[in-house]
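The following pair of complexes shares a single chain, chain A, combined with chain B in the former and chain C in the latter.
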Partner chain A sequence: MSESSIVINGNRADLIMKQDLVASAVNDLRTMMQDAITGGVKNIFIDMTGIKVVDSMGIGLLISTQNSLSKEDGQLEILNISADIMDLFKSMRLDQHFSIKGE
Partner chain B sequence: MSAMDMNDETLLTYLEESREHLANIETNLLNIEESGADIDEELVNTVFRAAHSIKGGAGFFDLSKIRDLGHKVENVLDMVRSREMVPTPEIVNILLISFDKLKEMVNNPAFSNDEDIEEFVRALAGLTAETLPPEKKESVSGIVDIKLPDGRVIMQMNEFEYNQTVANNNYIYLVQYDLIKDIHDSDSSMLDFHRNLVGIGTIENTVTDFAAVGTLDGEILKSIPVYMLFSTIVNPGKIISLFEVDDSRITIIHDPSPSGEDLTDSVEVPAVSLPVQEPPSPATPVVAAPIVESPPVVAEVPAAVPQKPAPVKAAPKKTAPPEASSTLRVKVKLLEQLMTLAGELVLGRNELEESINQEDLKAIASGGQRISQVTSELQEAIMQTRMQDIGSILSKFPRVVRDLSRQLNKQMNLNIVGKEVELDKTLLEGLSDPLTHMIRNSVDHGVELPEARKLAGKNPVGTIDLRAYHEAGQVVIEIEDDGNGIDGNIIAAKAVSKGLVSQNEVDSMSAKAKVELILLPGLSTAEKVTDVSGRGVGMDVVRSNLDKLGGTMEIDSVMGKGSVFRIKLPLTLAIIPSLLVSVNKESFAVPQLNVEELIRIQPKDIKDSIERLGTSEVLNLRGKLIPLVFLSDVLGIKSTYTDPETGVESDDKRKQAIDRRADNNSENDTIYDEVRIGNDRRYHAGSVLNIVIVSSGNISYGILVDNLHESMEIVVKPLGRHIKSCKEYAGATIMGDGSVALILDIAGIASILKMSAVTSTIQSQSEDETEVSKLGQDRQSFLLFRNSPEEYCAMPLELVGRVEHIESSSIQIVGGKRIMQYMGKGLPIIRLEDSAECKAIPEDNLAVIVFNGFGREIGLLAMRPVDFIEDEMLVDHTSLRQPGIMGSVIIDGNTTMILDVYEIVEKLYPDWTRDTTLTASGSINKTESNGDKPLVLVAEDSTFFRKQVVKYIEGMGVDVIAGEDGEAAWKLLVESKKKVDLLVTDIEMPNLDGYGLVARVRADSKYADLPVIAVTSLAGDENVAKGKAIGINDYQVKLDKEMLLESIRKYI
Partner chain C sequence: MSSGKSLNLNIKADLKEIDNFCMEAEKLLRNNSLGEYVFPVQLLLREALTNAVVHGCRKQSKLMIKCYFNILENEIRMEIKDPGDGFDWKFAQSKDYTLSADSGRGLLIFNKYASEYIYNKAGNGVLIKMIIVQKEKDHE
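So, the complex of A and B:
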């Protein structure tokens, strides 16, 4: 699996997801997020183009990321989500927790 | 979980039923729209039930989008049904397009879940929100609190939605579960779980305890608590197994069972109306799960879960063409009839078998007869099964017209007549596209915008009539609009400019043929190609489609009034009863539909029954005059007759029905009348007239045939390509002996003979001859030709000797005059331009019209084609008057100059006319004793005929004076200085008619022995007798020149 990469610009971080947002990826991603936030990032944008699978762990990661960012008055934004995942997130009202944009 | 099983019978049945529901909805909705506030509850109910069934079934089969859209539509319809909403055009519009979308999805179920129905849902929801009555409107923004068992309000739900859900007898559960602990840890897939839920109910609301999830630091991802408000009809027991949580975490908020309670409190808090819940749709379709009592299959989580669900957006959105229905609706009664016939067939076969065993010839014959009978009936019944009402394809047109006219800002009504006309199924399918195209054309190009129509004095609302009816073994479909018509000249010009046809060809086309050029491929005269009717590929495709079906198309158009497109299709495989007739041993079939009566006239009765009207004959049938035609003439067959005595066949020499067959001599009647030959029914020597009185629409006429044969049922076969355009025939059939008989098209024959309803329903009154004779008056035959492409000419047919086609090279110029070698002599050639101002005649397509004058044959140069017409003429003698042109008349919309060839000759050869001793035939040697020429007085009210007669007589080298009626002629007679030697008079004249004039002449001793020749269109016996009694010396028919001149010569 290819690595997801994170690009940091001042207090903004852009993460391009290259793997499914599932349990196996969560640990690495968590570390990336934490490092970014520690480094002063306030706003994280996650690009989910082409990602088709999300599981509970992945969702948990997103939620906790937002929780962490909120403490710094920051914001999480998820971009380019596929239609199914969007449906799922909406039904869970995740769109009320952080910003979600579809494809 | 497997993909939706498209072969699942229940699924297929559901889809089929849904299609049926959807088929009628459009019509119903349009009717609902029309009724407006006057809501027809039954109708709305029908549509509501349709939506309900579609929605319900969709739920079973996980067709989530179909279900959702169906649900929203149902809501709206419910409001209409309960009169909370008036179905305005806007509302009906939204319903229509929603149903269109549903139809689309039902036809492509496999892809339906990928459809985006967002806008439809929003539109429909918008309707419901807007139109709620005040008390319910509050519920739209009202909130229901959902409480945990401990009383905490964990979430809220939109009151309106809540009420709806409850009204549908759902349980409402509040389930508390943990994404990590309950789902992830048990190896379920998030998405699958979700999908399953959605398959059996609706997720009304979810609350996720985000805070409880924690931050990235610390122990993450241990728990994601979720509260979900879920409505479903599944009962509690099954819910537990679905969520795999223990029942303490499930709270029943609403129990629909009679004893159940509702744990909500409705709170009247004005709040922002919540967005309408859209249950998420699964990415891949799931297996059908019957919901009711069986344990939900969805509880079982499959081991293998697809890692990558089927791509949704990656693949291009595929819309498979809707499946052509491979089923047919057949009336139950017909099926029963088929069953009965099958039974009869079996019985008949048994009977036959038995008879064959017994070798009982008589029984075999009767058995064979029975089988034959049953076979015919069976065949007919089976054919009937394929016949469908044309209404099935016509019913979509109201919608098409409505939508299209709205789009173009035009107003129009569509009237459909003849929905019950039946057609073979294949024909119907092939007709749908052509008809759609033509209807769209009428709306787009035919009917004008309301303002333009008003300016033209028309009703701003246009009308399109769509008619279907049977006629002569064909189905006729007409599309008539009252628009601005089709300008044949524009079409022709376009066609020429596109090189589709040559200018030459166009010039010799009739107006109708030019309009029909629209059927050529590559022609589009719309200024801009509107996508409404498409490019100029239109009409020719229509025509080729029709060709394939064996049909034809006609276009009739009147500028400013409208156009009619007429499609004629054969009722292939139709069986029609018809009458067989024969002419010259050839058999023809006349559809029984058209046969009114059969008449047989004995020779002795012929004179009483048949009269001549001008140059046509009519039958006096119980006081009604029916035009008669010889079938042999119409079809161009030589009529023969077999002498009953000798059995010898010879050509029928009769020119008219009144004539005797073998011999034009009327004295020989009596011989034939008495002959009787054995049991030959034609014992009256074949002089019996066999007439079939036929009718088509309101035109009746009689067809004279050689023989009448039996009446039988025949199978109609379409005409082959080569003769399809023959108007005389509607089809063909194969006789028992294998020979072919053509089926006559009664309406077609009527149109060829230019019959109109008026002439055929004239009542005759024997006393009132004037009415009848008025028709004869001024009926003149003309030869039609042109001098140049734009100049139409005519000359009286009687003058014409022959017409020859020539090359311009045959004409030589000798001594400044044109001459042609003809029959061993030199023929002088004259042209209109020799005497009149006109265009020069072109070099090719020439003809020479040979006529007699001034004692010799002369040829007039003309342009082909040369035609002839017989009609009542309204001759304009003033305009276009020039030497060589005596007047003009309008023929077929073209101003036609009537040439006076003698004037042309006079101009060209002035010395000929002075040579009075030479005449056409023979010479007048008689001169008056005083050396003067004889003087003839002519009385004739028709300027045209008067001039003709004067010319002829002058051509004889005789002086003529003429008066336009009896009084004028009398005046001339009395005042004439010179003695009048002969009176040539018409009978029908105003002021003083022929009889009156002659009576006056005879009464006056001065003129008592003045010879009188009467020239009239009727020379019946009574007239002659009357005339002779008054003192008329001779009767001549208008306008037989030779005979007239002969007669004149006799009396001078």
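So, the complex of A and C:
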């Protein structure tokens, strides 16, 4: 089970990450966010305070989530990412795909 | 088997095993005053191991993956080998990806963080090297 939690308020969901966004965590998080989108959520905010690593499967999850939200005219926003992860995301131009804010 | 500077383990083809191996590698780096390499090494190890678990072993946890991690004087070496049919890395390298594609970024991570990476002929093993940048000694 995922150690992270999601708080849904109307069409907004806040995901509080408690584990690194890596392959072993992706399935649970995907289910969590997909259930929220199916339930009517249009905007997801992910708080990455304390998250040390995001691997390519984690990046894939963020992109597929943004792809799903944009079909609903919604968006994904990533908050409080570390400098290392910001550098990784920018090198892949992910800041052009969804909103990213550093710590 | 492990020592103060190396890990040589066979792990099950299970995603949770990747977390455990990376945690051990992190401990080794920190014990050798190489904490600044934890982030890139974790990314490189995770990409190689995830490929081995997902593609090489198709998540069959009865299969085993050989993992070798070694801190040398001037470089960090990681070698991962799975029993699968191999990964067509040349094809993957030649592929361009679109911004909205939700896969295909593993080699971008290798290109960004590794000093060098070499796949074996079969494509089921990869050696990754990362140069350790020597710090200048403080002048008294």
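Here, the second predicted complex is superposed on the first by the 101 of 103 C-alpha atoms of A that agree within 3 Å, B and C clash if a C-alpha of one lies under 4 Å from a C-alpha of the other, contacts with A are read in each partner's own complex, and residues count from 1 in each chain.
The working rule: a contact is a pair of C-beta atoms (placed from the backbone, for glycine too) under 8 Å apart; a residue touches a chain by one contact, two chains touch by 3 or more.
In this text the structure is predicted, and so the values were computed from the model without any measurement.
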Message: With both complexes overlaid on chain A, does A:V53 touch chain B (first), chain C (second), both or neither?
response: both
Field: Which of chain B and chain C A:K90 touches, first, second, both or neither
entry: first
- prompt: Regarding the shared-chain residue A:I37, is it in contact with chain B (first), chain C (second), both, or neither?
  reply: first
- prompt: Once the shared chain is lined up, is A:E3 touching chain B (first), chain C (second), both, or neither of them?
  reply: neither
Message: For A:S64 in the superposed arrangement: first (chain B), second (chain C), both or neither?
response: both
- prompt: In the superposed arrangement, which partner chain does A:S24 touch: chain B (first), chain C (second), both, or neither?
  reply: second
Task: Please name the chain, chain B or chain C, that touches the greater number of residues in chain A.
output: B
Touched partner set for A:E72, first chain B, second chain C, both or neither: neither
Message: Give me the intersection of chain A's contacts with chain B and its contacts with chain C, in residue numbers.
response: 23, 52-53, 55-57, 59-61, 63-64, 66-67, 84, 88, 91-94, 97
Query: Given the complex with chain C, which residues does chain A contribute to the contact?
result: 22-24, 52-53, 55-57, 59-61, 63-64, 66-67, 84, 88, 91-94, 96-97
Query: What does chain C use to touch chain A in their complex?
result: 15-16, 18-19, 38-39, 42-43, 46-47, 50, 53-54, 99-103, 105-106, 108-109, 112
Message: So in the complex, the part of chain B that touches chain A is made up of which residues?
response: 179-180, 183-184, 189-191, 194, 203, 205-208, 210-211, 213-217, 220-221, 224, 226, 278-283, 307-309, 311-313
- prompt: In the complex of these two chains, what residues of chain A are touching chain B?
  reply: 20, 23, 26, 30, 33-34, 37, 52-57, 59-61, 63-68, 71, 82-84, 87-88, 90-94, 97, 103
